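Shown below is the structure under consideration.
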Amino acid sequence: MHILLLLHLTILFVFPPLLLGIIGKTKAFFAGRIGPPLLQPYFDIFKLMHKESVYSVTTNWIFMAAPMVSTAAILAAGTLMPLADFKPPIQFWGDMVLFVYLFALARFVIVLAALDTGSSLEGMGASREATFGCLSEITMFLNLTILALLSRSLSLSEIFLGGLSSSWLQVGPVLILVVVSFFLILLVENSRVPIDDPETHLELTMIHEVIVLDHSGIDLAYVLYGKAVKLFLFASMLVSVIITFRVHDFLIDTAFFFFELIVFAVLIGIVESTMARLRLNKVPYLLFSAFIFSIFGFTVILVRGGH
Amino acid sequence: MLKILKTRFKQGCRTILFPKAKAPDLPQRYRGRPIIAGQNGSIDLGKIFFNPDSDIVYSNDYSMATSKREDLVLSQEREMALARALNERMLKIFGRSLKLRQVSAGGCNACELDLNVLNTPVFDLSRFGIQFVASPRHADGIVVTGPVSRNMREALLKTYEAIPEPKLVIALGGCAISGGIFSDSPQASHGLDTIIPVDLFIPGCPPHPLTTLDGLLRLLGRISS
Amino acid sequence: MELFNGGQISLSNIPVLTQQGFRARILDRCHEDARLVNLFGHLGTSGQVRLSAILGLDEEAGLEILSTFISSEAAQYESLTKDLLQAHLFEREIAEQWAIQPLGHPWLKPLRYHCNYRSATDIWKNIANKTIPGEYPFYAVGGEEVHEVGVGPVHAGIIEPGHFRFQCHGEEILHLEIQLGYQHKGIEPLMQGQDLKRSVLLSESIAGDTAIGHSTAFCEVVESLSGCIISPKAQAIRAIALELERLANHIGDLGALGMDAGFLPTSAYFGRMRGDYLNLLLALTGNRFGKGLCRPGGVLFDIDANMAGEFCLKLKKYKEEFQDVSDLLFSRPSVLARFEGVGVITPEDAQKIGLVGLAGRASQLECDVRINYSSGMWQFHHVPISLGATGDVYARALVRRQEILRSLEFLLKVLPSLPAGEIFTPAGPMKPDTLAVSLVEGWRGEIMHVGISDAQGGFARYKIKDPSFHNWFGLAYAMRGQEISDFPLCNKSFNLSYSGHDL
Amino acid sequence: MALLLISLSILIISSLLILLFCRSKEISACVFLWSLVAACGFGLWSALSVLCQKAMSLPLTGVDFRVHGTIPLGEFYIGIDALSAFFLLLFFILSLAAGIYGYGYLRDYTGQRNTGVHFALYHLLIIVITLVLVAKNAVLFLVAWEIMTFVSYFLITFYNESESVRKAGYLYLISTHVGVFCLLVMFLIMGAQAGSMNFDQMTATQFPLALAALLFMLAFVGFGIKAGFIPFHIWLPHAHPAAPTHISALLSGVVVKLGIYGLMRVMAIVKDFPLWCGVLLLIMAAISGVGGVLYALGQHEIKKLLAYHSIENIGIITLGLGIGMIGHAYHQETVAFIGYAGALLHTFNHAVFKGLLFLSAGSVIHCTHTGDMDHMGGLFKLLPWTGHLFLIGSLSICGLPLFNGFISEWLVYRALLEGVFHLDVFGIIFSSLAIVALALVGGLAALCFTKAFGVIFLGSNKSSEGHQGKEGRLSNIDIKEGDLMLRGPMILLAAICLWGGLFPANMVYFAFQGTQAITGLQIPFVLKEAVINPLLSATRVLSFGGVIFSVLALVRDFLVLHYPVRLTETWSCGYVKLSHRMQYTASSFARPILKIFRSALVFRVEGKISKEYFPAWTSLKSSVKDVSESLLFRPLFYVIKKFSRKLKWIQSGHTQTYILYVFLFLVILLVWKLI
């Protein structure tokens, strides 16, 4: 049992940056180039650990602590999330609320750190992050409520480890709506196209980079790592909703889970290659449509009596 | 989606295999590294304009970047010393990941444009882990173009200051190296190395993307002479 | 006094008006059908500053030149800007270069931060000695709730330096003011003097992306002053190079627009395709930007039949590729949603601001030097004008696409039928005390060079005007009330030259 | 009970002493401080002793104190049950903190007012609020309630020099009196039904459902006005900012909560309501929560922002109450218990963190002499204590893990999610909509407090150059941290926030005690375990996060040894001369979200974008108009004013007429007694 928990944590700690590498490679394919190596995110983090940190005289400890707090919060959220067949180290009735709130904590401190620099550029990123974040949170909760209703559990590990196994047969359309809505939320929360473009580096349009424009060295490494873990957690959540099928062979299931994650990363890469960004003032519409999707899903459940 | 895929396959993967394979041939008229014809002359690559109507005879060789300012001066006596790799410690740090900030300091925009070309699929700088980033805080070095006009000097220093150590400085183009064509102007300075320490000099007006790429890769030890 | 593109006029023949007459004449003409193409100062014989204005009569292919004297004691005159927006930057330039106060100028701020040319007291009290471009009286919207966003001079992308100051509330731009001058290298004074060999190199570096355009304009000024008539072949090669330059830049811009809209494939493909055209220029001139091609008296590199054939083959292939990729770009709803309605300049505003070139054409202004003031090759091969309807980012992208196709057609027509002959006829000495003008439609628009020769056969005054000089204000104005996140896209759609503005 | 009586007598005696010595500022302040500490100490002791009585099986036990026939129709009958004790707990904590703060705050007060009177009134307020909380007789309750309204009116108008303060005070008086009228009717009906004005008899009485609904509506309006439900809230954002800081804290922390207490007391008395009552409460709660936080986002003044946040939090509390009522109506006691417990716990938590926020905001205003957030900035370095304490308050009010707000919001979420499991379609719809509302409130609150904290404390001071003296701007020199008397209470409250977040078990247990008093039912041990155990697991997750944080910090420290830290300017694109305007303002920060919700709010931006080529000076101002104030209450007040003018003849001004009124009143009383 302890070995399994250890494995769970190892995957949680080690695997996430690889997803970014896979997305990068997919995008490189569409651009007709070789592109950065798969392990580039690891190289970047390694490099940043060997650089000094530069701080602005305006900042306080909040600026310095924020990357650590947010990364710790995100990793703590990871201890609630089942990966493949690995039960999470901690689970309890109602842990999904904590799961979402840990992300909220991570966002809160990063936004404060951005405001700590006293620059309008970071302020812009902070305002955008906070605005979109609070809109995506409601859809997140509604989706989780639907999943809870379907699996009759308030614990992520029970929902994702078998809780939904019969739901696809019973209320498939609902799950499709939930998946779509979750996917949109994933794109928003992780600043991917069409909300934000990780490729462009222009202060005025970004969210992901402008909010940490002043972070450097190890702090930046933590931020990048935390973002990778966040993407990883969202992706594994979504994958767990989509594929509930298990052969109940530990190795095969695990391998399959990783395969799904890789496919998922490729999918994000494809989306990023085939869509343009939305205008920033249209992003709320996207969030709103994500919300509508899950409202629809919810209505279907109520009408069908799937609960 | 299908249309995108179709266009993608028509376009193909265009990245050149350089440095593993030989770089594509440059046309006859390309004015690369000068050939020292006479016995008495020395040519300062940082000061010439690579213009056709001068007395200099040009070869087709694009590798010209050097680690030291004095290596740019070609003379009959010695072989040109191209850029050397960074020391082992720096290579360990930057070997696979190097983020650069570009500062355009009074040039004519040609160097900037040909630096941008390195991000196109053909040269694909990203495959070496080299990337241009928005914030100097995220950067490991600056690429400076232009003769550092009086009005840009302070901004350049601020940017340099903002980059966390250890950091690299790359002077791109004749203007950055010596003031170039503008060196007579009171508004221009006479070489980036008179302002901040420079790790790599890439001459040209503007340098061909291959010259720049070659220089960067030599600096990172990906090409050894 | 009528002039034409590439024409010259003796200084003594330029009409001199009183200050009031000068002002009235310019305003009258510009409120009819003329526009202010150039307005600059130069030293008169008696040490007074002589202001010369060049008005463009687009429909008659003519230029009108007139001048007035400003005494150095009372270095002031009544500003044109309050009645004629087109004079805005010209007057600021004059104020800075000659320390002459345009009375009643609504926006009198320094432009490039340098000492004035006549060593008089600055009207900004020696602006050139202060820490440079930090001191600038930005327009500020009042109220504690407004915040300012300052971007630059060191930008996020690999672009030239300039400072953009936004007055914002939330994401909305209330006002944008653009402060340039960082690229100022003092090119105009450097051009003056006797060494024409050096000057031509400088002209190639006015704006590196417009090396052909500016060096052509320079060569035409020198040729006009020295009475040199270049061969048809040289004219053709200049035109080919100019169109290649246009193609490379327009395609690069479309790629950059795709990039800023976040559409990955086309930005990658266009980025690479731009390189194809640069490589053609490299094959032709030995430099990817065409530096070293144009010299007074002709061009230095020939296109032989072999090369012409090879170019044609390649261009046909490139044309096909371009159509593929541009179809992809212009058929994506998500891309068009980003382009449409962003940064609109109405035709009326465009006319008042005096937009030129591509940006003007996107707002329905029929301004194209190749058509309105055709000279050289353009007298024989007409390129149809490409107009946009909406004046937004979309229109500017669409005009680019059209021009690319038309330039390709032009090249495919000209290349196989290149005239025979020499490519270079050495130019003789220049006529003294004469003013010559040349207009070239660079890829951004109307480039104008004005050279005034001195008695020794060099230039007493050399005035350069890049199209960006007209258009920067258009960009700032287009952003009012827009989302700040749309600025990079809108900026890219204008893609103006900092270097060409700052000189 | 005896402890509470001791506490009350200390208060009575000391307030008399204060009045006696009110000429001497020092003595009165000293008496005030020590009597406050003693009284609150005894009060807390009594409340805790009731809550901790593990053996207490019957909810309404406790020792009562009863004096018969003291008031016409009523009697002086007080007693502490678990519900009263729970509220007494939060009340004494907050009044202790606010009182000490007030002592520190008013010590340096040099104005015209007599601080002694203020202190005495403060004691009087504590006394009457205690009476409200422990009253077991409706008449006593109403009398105490009425006195409380007046006392708090005088405290609000402590700075009554200014027009706006007096206006706010009147608004408060008028609004609460509309409420008192409803309550009077309600208690009369209850009394008539039960045959007694004592709560004991009322509780024992069975009310028919229709009557229960009527009573609910009366309670809803009557207590809702006090609690500040939208649209009855209009007095609140005016009154809270007008009062001196410690009074604002007490108003927001406790007085507003008395509305909640009243509702809970009515629930304890009437017990069975029709389902729609719960649904109505839930809907109003959602509206109050979302509306409150949206209005808060649009505020530029820190105290107003906090006042609107009180409305938001009342919304969260009421969400718990509402789902509790719904659960009760469905006979799903699990839902009901957790819902009520969540409501109670959030009441406590809100009192603590809102008190903390008001006190620290007061310190900021005290130092900067302005309440406008857009004039502040960069205060974290100047006021480190206040900054840290405000940060803790912000994290708590946003319900973020590690702090007490999370625990109570988790309970409310839990109740709503259990509602999704245990109720029928109708219940599922409402509980899941409530989940969405709660999530939205949480997200918006986080947005609002990043804005408030960021704009006030972070960045650089927005008045640092060239603007001193203009429009009452601050200069850096006179910004100094307050002393221990100001800091101490805040530290106490902040510690409770952290304690409540890390060791939730005790407070949840207390909340369950209160819940038993509301429902009159014993909560099964299993259910208590099922609620408290997950919270302990959550603490484990947080401690895991803490371990990771420490590891990250260690790694960082190790690396910093090799690559030392360097200080320089904020990256500003290489621009040479920066201005303080180049940072986000509160208004700009909130604008995108207000724009999204503009259809629900009246969000106005004054100042148009100039289309001039060279625009002249313009300025911009934005505001959020309170819809219910302009649409509902202004017309209503107009009508009342007209109506009362018609009743003017009653007030003839002749002494004889008044004597007649008194006589008539006595006759009516006599007749009542005889019947």
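The letters A, B, C and D name the chains in turn, as written, and every chain counts its residues from 1.
We adopt the following convention: contacts are C-beta pairs under 8 Å (C-beta built on N, C-alpha and C of every residue); 3 or more make two chains touch, one makes a residue touch a chain.
Note that the structure is a prediction, hence the values are computed from the model and not measured.
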| item | value |
| --- | --- |
| Most central chain, Cα average position | A |
| Centroid comparison with chain A (C-alpha atoms), farthest chain | C |
| Selected pair, greater C-beta contact count between A-C and A-D | A-D |
| Inter-chain centre distance, chain A versus chain D - centres from mean C-alpha coordinates, in Å | 36 |
| Computed distance of Cα centres, chain C from chain A, in Å | 47 |
| Where chain C and chain D are represented by their mean Cα positions, the distance between them in whole Å | 64 |
| Mean-CA-position distance for chain C and chain B (Å) | 28 |
| Per-residue overlap in chain D, given as positions that touch at least 2 other chains | 563, 566, 568-569, 571-576, 582-584, 588-592 |
| Sequence positions of chain B contacting 2 or more other chains | 4, 8, 11, 14, 103, 121, 132, 134-137, 154-156, 158-159, 162, 164-165 |
| Multi-chain contact residues (two or more partners), chain A | 30-33, 50-54, 120-121, 123-124, 127-128, 201-203, 213-214, 217, 273-274 |
| Residue ranges of chain A touching chain D (in the complex, touch as defined) | 49-60, 62, 68-69, 71-73, 75-76, 79-80, 89-95, 97-98, 100-102, 104-105, 107-108, 111-112, 115-121, 123-124, 126-128, 130-131, 133-135, 137-138, 140-142, 145, 148-149, 152, 154, 203, 213-214, 217-219, 222, 284, 298, 302, 305, 307 |
| Chain A-facing residues of chain D, complex | 377-378, 380-381, 387, 391, 395, 398-402, 406, 409-410, 413-414, 417, 420-421, 425, 428-429, 432, 435-436, 438-440, 442-444, 446-447, 450-451, 453-455, 458-460, 530, 533-534, 537-538, 540-542, 544-546, 548-549, 552-553, 555-556, 559-560, 562-573, 582-584, 588-593, 596 |
| Residues on chain A engaged by chain C in the complex (per definition of touch) | 27, 30-33, 120-121, 123-124, 127-128, 193-194, 197, 199-205, 272-282 |
| Parts of chain C lying in touch with chain D, wherever the complex brings them together | 85, 106-107, 131-135, 139-155, 161, 163, 168-172, 174-175, 352-353, 473, 477, 480-481 |
| Complex contacts: residues of chain D adjacent to chain B | 563, 566, 568-569, 571, 574-576 |
